[in-house]
Amino acid sequence: MTFAAATAASMAARAATTVAAGQHGFLSPTGVEIAFLLVGLLTFGAAVVTVTTKQLVHAALWLVVALGGLAVEYLLLTAEFIAWVQVLIYVGSVVVLLLFGLMLTKAPIGRSPDADSGNRWAALTVAVASAGALVWVVVDAFRTTWVDLGGAPAGSTEVTGASLFQNWVLPFEALSVLLLAALVGAIVLSRKAKADTAAGGTKATAPRVPGSRDGEQDKEGVR
Amino acid sequence: MAPIPGSGLAKGLAVTLRTMTKKTVTAQYPDVQPELPPRTRGVIALFEENCTVCMLCARECPDWCIYIDSHKETVPPAAPGGRERSRNVLDRFAIDFSLCMYCGICIEVCPFDALFWTPEFEYAETDIHELTHERDKLREWMWTVPAPPALDPGAEEPKEIAAARKTADKLAAEQAAEAERAAQAAGAGEAGRPDAPAAPPSGPQEGQS
Amino acid sequence: MNDALDVALRLLVVFVVFLTFPLIVGQTEHKVMAHMQGRLGPMYAGGFHGWAQLVADGVKFAQKEDVVPAGADRRIFQLAPAVALLPYLLVLLAIPIGPGEGAVGEVVDAGIFFVLAVMGVGVLGSLMAGWASANKFSLLGGLRTAAQLLAYELPMLLAAASVAMAAGTVSLPGIVDAFRWWWLPWQIVGAIVFFVAGLAELQRPPFDMPVADSEIIFGAYTEYTGLRFALFLLAEYAGIVVLCGLTTVLFLGGWHGPWGADGLGWVWTLLKAAILAFVVIWLRVTYPRLREDQLQKLSWTLLVPLSLAQIALTGIVKVVIA
């Protein structure tokens, strides 16, 4: 899970930096662009450390840095709403859930030599391939389109909300149905576990709590 | 009668809020002296004039914390031709308050009222040796001994006062009778002074000597 | 240059508020808690009723040795207090105390999201502390912190969403501007849910299982000493300030007062926040600590349904009056 998320983060970061570089060139970089690039590099670095470090909890914390860096990138692109939702959902909830899981299971202080899976090369291939695909798609789609960040806010809450509920209502609803299904699934699974343990102590309810919450939380965030 | 849900919570809040408006019970000791009950057992004082070195206190002390030294002196006869008396003179009287357990047996047992409780309690020391209070220090504590609490309104008179009064009354009656006799003897109309049985010696010390 | 000066001034003011208000709340807690228990509380430091007690505490903390356990993950252990404290400083920036641009550190468009998001980050500090201490009690405290955060962030968000729906904006000044007095009864359930969930997120009694001293010593903060420990404490009290400010702004109408005193709006905000802070202390004195399962049950079976009902009610009323 860590690996996948981190890979996604690193890809996004890489894609973002590439776009910024490709858009405007380096002829007259503004302060925002320089900041964007630097934060992008930082995010990328954090993402790489996330997937390479041998210390499990450190990986989760580096993931926080990477996700936070992404939020800053969104902010620099004036997509304020998305940025805060990113922090709220990913840093505030997903990483906490991740850390919770790590602490519940196995989180030794120091290096875990067995933290490496044998799929390193496969993972790298997938990461590079998907990053390449993303970069190519984004670059190809926008090419020389110039978004004026100084003009009317394109990423404010109002604009985001309007486009979400006007142009993208159907996907939005489909997504919430999906999340609802996940929620129901989580409840059903935990019910079954409860029936198995018969007595139904706290053990049975414990897994349901983070699980069901995760679903609801995501749904709320999207909304 | 099912209580309204949350009424217990509200009751709890009310309790704390009410307590907040009440006066606090904190003892602000070094700033404000505590109000001690009568007969507080703080430290033991010695009224050495009353001590006859009978050693009862030292012997009864469960902790053996009373040290008494004395020597004998001969007193010349009070009346010519009388016999010489010997008398104990106190040389040292000390109480080690690091051993004392404040049982008060010494005070109970003293037949001559030489030991008293005082409510003073601030005599902590940094050196344990200084907790052994010598004679002069014990005498100093005597000044802090409070007057005994008054008796209840309807209580029986203290024995020594009753005894003193009895003697005084007897004396007065005798005097009155004598005066009457004298008046009768004088015969004349000189009215005898009707002196009431005023107040011949009536002190608590009456019973002792 | 005027802009820079303006920004610097605002930052300075927010920083001063950040440093003083938690201390004021802390001192009030000392005194109120004492009197609620029939005591006097601190009486000596500073002369007058012990007003400088927390300053003295701060000096004491600064003098203590900064111990890092041998088995601990050194860097994360040392970083955790900052992670716990800084988010509250950021949140304070966005809380408006009066109408207009002048009375808020920085107007944030998606204010509610900003505030809740950043407050959630603060809990990471406790998690890091709990894990990095290399202590089983700390780890338990960290786990409890995480479980509590997961359980209570949802009702908090939902309650905030309800008021945002009512106002039709997610900006904090915008919400207060849209406030009318009848919102109070309308949003009361949301307000209570928000406040209770906020208390739980701050780990204040009666929701202080993560630091339950009778069970797990001091939870995630067991191994901390000196200034770092003081920073955690400061974070808790800064959290109270933030929570009270937020509840005031979201549900109690911020600077709106019954007599509409113009120019004195900030007094109203501060007054309401102060009353809420008193309630926080009051609750702490009154109620015993919940058990871990009671805590989860309270959130999932009571607060979440209540907040969902509040959202439904908000929606219905909104449609009716539209």
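All chains are identified by letter, namely A, B and C, in their written order; residue positions are counted from 1 within each chain.
By definition in this document, a contact is a pair of C-beta atoms (placed from the backbone, for glycine too) under 8 Å apart; a residue touches a chain by one contact, two chains touch by 3 or more.
Source: prediction; values computed, not measured.
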item	value
Most remote chain, CA-based centroid, reference being subunit C	B
Chain closest to the assembly centre - both centres taken as Cα means	C
Centre-to-centre distance between subunit C and subunit A (centres being mean Cα positions), rounded to whole Å	27
Cα-centroid distance, subunit B relative to subunit C, in whole angstrom	62
Distance between the centres, which are taken as Cα means, of subunit B and subunit A, whole angstrom	86
Sites on subunit C at which at least two other chains make contact	none
Residues within subunit B bordering two or more other chains	none
Complex interface listing, subunit C residues touching subunit B	32, 34-40, 43, 282-283, 285-287
Touching residues (chain side subunit C, partner subunit A) in the complex	71-73, 76, 108-110, 113-114, 116-121, 123-124, 127-128, 130-132, 134, 139, 142-143, 146-147, 149-151, 153-154, 157-158, 161, 169-171, 293, 296, 300
Subunit C partner contacts - residues on subunit A that touch it in the complex	55, 57-58, 61, 64, 80-81, 84-85, 87-88, 91-93, 95-97, 99-100, 102-104, 107, 109-110, 153, 156-157, 202, 205, 209-210, 213, 216-217, 220, 223
Residues of subunit B that touch subunit C when the two form their complex	9, 12-13, 15-17, 19-20, 22, 24-26, 28
